[in-house]
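Same chain, two partners: chain A is paired with chain B first, then with chain C.
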Partner chain A sequence: MRVAENLNRALHGLLGDDPSVYVLGEDILDPYGGAFKITKGLSERFPGRVLATPLSEGAIAGAAAGLALAGEKAVVEIMFGDFAALAFDQIVNFAAKSVTMYGRRVPMPLVVRCPSGGHRGYGPTHSQTLQKHFLGVPGLSLFEVTPFHDNRGVLDRMLALGEPCLLFEDKVLYTRPMYGEGAVDELFTWRLVDDVAVVELAGGGDPDYTLIVPGGLAHRAVSAMRTLLLEHDLAGALLVPSRLHPFDPAGVPGLVPLLARTGLVCVAEDGTAGGTWGEHVAAGLHTRLWGTLRRPVALVSSAASVIPTAVHLEREVLVQDTTIRSAVLEGLHG
Partner chain B sequence: MNGLADEDLALLLLIRCFERKLLALFEQGELNGTTHTCLGQEYVPVSLRPLLRDSDWIFSNHRGHGHYLARFDDPEGLLAEIMGRKGAVCDGVGGSQHLRRGRYLSTGVQGQSMPVAAGVALHLSRHEPGALACAYIGDGTWGEGAVYEALNLAALWRLPLLVVVEHNGIAQSTPTPAQMAGTVAGRAAAFGVRHHAIDALDVTAVRREVAPLIETVRTDPGPLVLEFRTHRLGPHSKGDDVRPPGVRPVDWYAAYRAAHPAQSARVEAAARDRVERVAAEVAARPPAVWGGA
Partner chain C sequence: MGELRVPKLNNNDSEYTLLEWLAADGAPVRREEPVATLETSKAVEELTAEQDGTLTHLLAQGAVCRPGDLLARITSGDAEPAVPFPAPTLAEKPGGPIITAPAQDLIDSLGLDPALVRTLDVKVVRRADVERLAASGSSASQAALSVHQRAVGRTVTLSHRTIPAAYTAIKVDVGAALTLTRDLTRRLRKLVGLPDLLIAAVASLHDKHPMFFAELVDEATAAVPETPAVGVTIDLGTGLYVPVVRGRPGLAEIAETMTAFRRHAQHGTFKEADLRGANIAVTLHHDPDIVLAIPIIAPGHACALALASPQPEGDRTVATIGLAYDHRLNNGRDAVLFLQALKESLESPEGL
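Let's turn to the complex of A and B:
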């Protein structure tokens, strides 16, 4: 099953099971079913709770927060994650703050879905991955869709947190299949440790390096791992968390032995360089595993640049599997 | 001016005395941070008080002490919140402009509450027909895009949203003609939203005028903009009063006192005593304790 279908089914299941859930967004009604068809079929089955809105991201997020405040649950679709900037005040200054700024905890079950990422030629304002702008906001959690985590579980978890959550969804990942139980391909297996998908060489020993990436980069990371194994004889491990923030891999007991035995930790992400999620994760690793890490954590991100439209220019700016491969080689041997 | 029941006048003067006391406490260095008083505008929430129900939600703004006191008659909890003392409505975290109690909520960002109120109104329209969401905003708030996004949504979805505009003619330091092209009425009309302006300062007259309009929000849901042409009699916050000098202030209380001197003197003395007692008692309390996130 492709990731988009998994996410669509998760929304169908959620609306079917919980009559307090609303879905709001632009152009999400059938037969159109949303710009990326993630909401396909929802409005026909749940016409009163799947609501198409005007082009008003601030009002969509605010109205969703109002629903949550009144005891409902809300899932918002921001057509392109870039436009979450238009809802920044409602997300950061209202929904997230409201959880704690009134003295006693105010439940705010609210998910803001953000289709993100490039590689599709949509240009500078329709290709970004904006996690870094929402990092470290008290009362706000960041999640990302992965090919490992069933999205129904992810949606249930976010709503149960009782605080607003952003769900980043890589647009290319939509078209890729979910990984079946246990196997990534003929070389690699995967398992869950806490909420982190751990990909390892089947029957392998200690990894030469370990990658940590959000779900949107999972396939590029696996592709890099194959090349590094087959062409450079380097065995790698890969960690893909469901929740990106807060995220503290060195605080997960089941991951510490792996991180301690690895030759290099490399954190890769699609956000542009500077003030990134990866820097935050690396700072945590350096602090918590200072006596154990063999080398400084290597960082990979998109260039500190706008994301160009033309395919050859876009490719130079965004993270490719080859970017990850080079970073690992340089980290280990550079 | 029409005579008022003691109860209504007591509430009006409680708000006035409370606000005066806050400014005095600031001058004495007893208060931390900032505050925005509603001197001159007290009659707006007091007029609306019997027209709003417990099941209605109220969204207030930075200038919201009168809104809170008209809803809860709780100067102790409000002053404790502003002073950061035990018994504070929100444990001292929210302060003057971030209050939540039951179905009452205020936020400190202009226009922010309008989409939230629309979302609450959506819930009410589905589950509690007849109840409404009331959002207090000012004339300056009409500069924010959130207002228009929310009005559009509320009109499209026919939501029971009552927008109470306290148009006091000055947005912090900026007079209305310097910050608003056109009018509030014109902007409401552009969205096909009902609008009514109120010039009266007389609580009885205001109630008579707006009661049937508010009832229509309950029976024929859709947004309604009630624009009170009102008058700010004090600074924007504290010590920043830039209202033009030489303009005679329009004060409902001066008019009322002239018409009803004996009742005014009696009720004002009682309100002032009450506020003094509350202030002394709250100031003696230990600091508020925040249970944390």
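Let's turn to the complex of A and C:
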């Protein structure tokens, strides 16, 4: 099953099981079903709970936060994650703060879905990966869709947290299949440790390096791992968390032995360089595993640049499998 | 000669699935005739032949392919027919492990035999595996195997090659059985042990579970013996022997026979007749703390049992009895029924 279908089914299941859930967004009604068809079939099946909105992200996030505050649950679709910037005030100053501003903890079951990322030639304002701007906001959690985690489980978990959550969905994932039980390909297997998907070489022993990436980078990371193994004889492990923030891999007991035995930890992400998610994760690893880490954590991010529309220029700015491969080789040997 | 390549069907997918071949491998096709369907993330597209000719598939149905990949060749009708084209590169190394480039370099520079590399039990051969292989080849001293061990080797190899075995184990409360062996040892003034009870119990199952004593004659036929003949493994360090306890003797007789067998094993005085004609085997692994053993099924047998050592469990004593069985003769359900009957018999040993 492809990731888009998995997301669509998750929303169908959620609305079917929980009559207090609303879905809001631009152009999400049938027959159009949303810019990426993730909301397809919802409005016909659940009329009155799937609401098409005017083109105002602030209004959408504000109305959804109001629903949550009034005891309902809301899932918002921002057509392109880039436009979440327009909803920043409602998310940070209203939704996240409402959890703690009323003298007691007020549950705010709100999910803001953000189709993100490039590699499609959509240009500077429709291709971004904006996680870093939402890091460290009290009362706000960040998740990312991965090809490992079933999205129904992810949605249920976010709503149960009782605080607003952003769900980043890398658009390149939509058309890719979900990984089946246990196997990534003929070389690598995967398993869950806590909420972190761990990809390893079957019977590979201690990893020469360990990658940590958000879900959108999973395929590029696996591709880099194949090349590093077959051409450079380096066996790696890959960690793909469902929740990006708060995220503390050195605080997950099941991951500590892996991180302690690895030759290099490399954190890769699609956001632009500077003030990144990866820097935050690396700072946590340096603090917690000081004395165990063999080398400084290596970081990979997109260039500090706008994202060009022309595909050959876009490729130079965004993280590719080759970018990850070079970072690992440089980290280990450079 | 024409090629059928994967076209670029949309901007969003990096790969498609070859859903179906509409024209068979080797079939004659006409220009414009649909020959295959490709599935994108959103739709199924038909691919048509670009010329008349004979179609040769190069990818299997269900394969994942990328734009530009070669799907098939179409040879024109009057050209040399059906030239066998080489299979795609991936299919050229059937069964062999994947070898990393640095590992291959080392194999080449050491001049290692590729067959030796294939003996490595790994999915991916890495440089460290090759180094280990090279080291073991140069430093291992050679030891000749005894005639006896070579015979064992031939038998177990034949078993592994020819018998599709399955395995089930059951836990048996052996408290009552151990009490009985102590009583009998005192009363008969003869050493009676758990193996003797197990032999008696197994022999007693012959009537109700004959297929575990059967011999597979051919795919459709099994020969069922009229009486049980239980082979028992005895290895006192002088070689592995499997002498046979025939029929359904009483416990005293079994104990006496087993004592004689142990003496023969020690002195190497077994006669061929002692070792012939078993139709089921009991293997003994009841040395302290052995918890599990998977026996080899002797060629011609339907199964083999393994007795592990009794272990305290709460206020009772239990032992695991494993059953490896030829799945062509018996299924899991039969194995469970057989083991349950054996358990029942050993847990109420006064009936033996």
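Throughout what follows, the second predicted complex is superposed on the first by the 334 of 334 C-alpha atoms of A that agree within 3 Å, B and C clash if a C-alpha of one lies under 4 Å from a C-alpha of the other, contacts with A are read in each partner's own complex, and residues count from 1 in each chain.
The rule is short, and it goes like this: contacts are C-beta pairs under 8 Å (C-beta built on N, C-alpha and C of every residue); 3 or more make two chains touch, one makes a residue touch a chain.
The structure displayed is predicted, hence computed values, not measured ones.
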Review point. Putting chain B and chain C on the same copy of chain A, do they fit or clash?
Key: fit
Check your understanding: A:Gly291 contacts which: chain B (first), chain C (second), both, neither?
Key -> neither
Check your understanding: Comparing chain C with chain B, which touches more residues belonging to chain A?
Key -> B
Check your understanding: Touch check for A:Ala64: first (chain B), second (chain C), both, or neither?
Key -> first
Check your understanding: Which holds for A:Leu201: it touches chain B only (first), chain C only (second), both, or neither?
Key -> second
Exercise for review: Identify the partner contact of A:Asp89: answer first if only chain B is touched, second if only chain C is, both if each is, neither if none is.
Suggested key: first
Point to revise | Contacts of A:Arg104 with chain B and chain C, given as first, second, both or neither | key: first
Practice item. Please work out whether A:Arg120 is in contact with chain B alone, chain C alone, both, or neither, and reply first, second, both or neither. Key: second
Exercise for review: Would you sort A:Gly180 into first (chain B), second (chain C), both or neither based on which partner it touches?
Suggested key: neither
Review point. Least CA distance chain B-chain C after superposition, rounded to whole Å?
Key: 34
Point to revise | Complex interface listing, chain A residues touching chain B | key: 48, 51, 53-54, 56, 58-72, 74, 89-90, 93-94, 98-106, 138-139
Point to revise | In the complex with chain A, residue positions of chain C that touch it | key: 11-13, 40-42, 98, 100-103, 122-124, 126-127
**Study point:** Residue ranges of chain A in contact with chain C within the complex
**Key:** 2, 4, 120-121, 174-175, 186-187, 201-204, 229-233, 235
Study note, to complete from the structure: chain B contacts chain A in the complex at 57, 88-94, 98-100, 105, 107, 109, 112, 114-124, 126, 133, 145-146, 149-150, 152-153, 156-157, 290-293
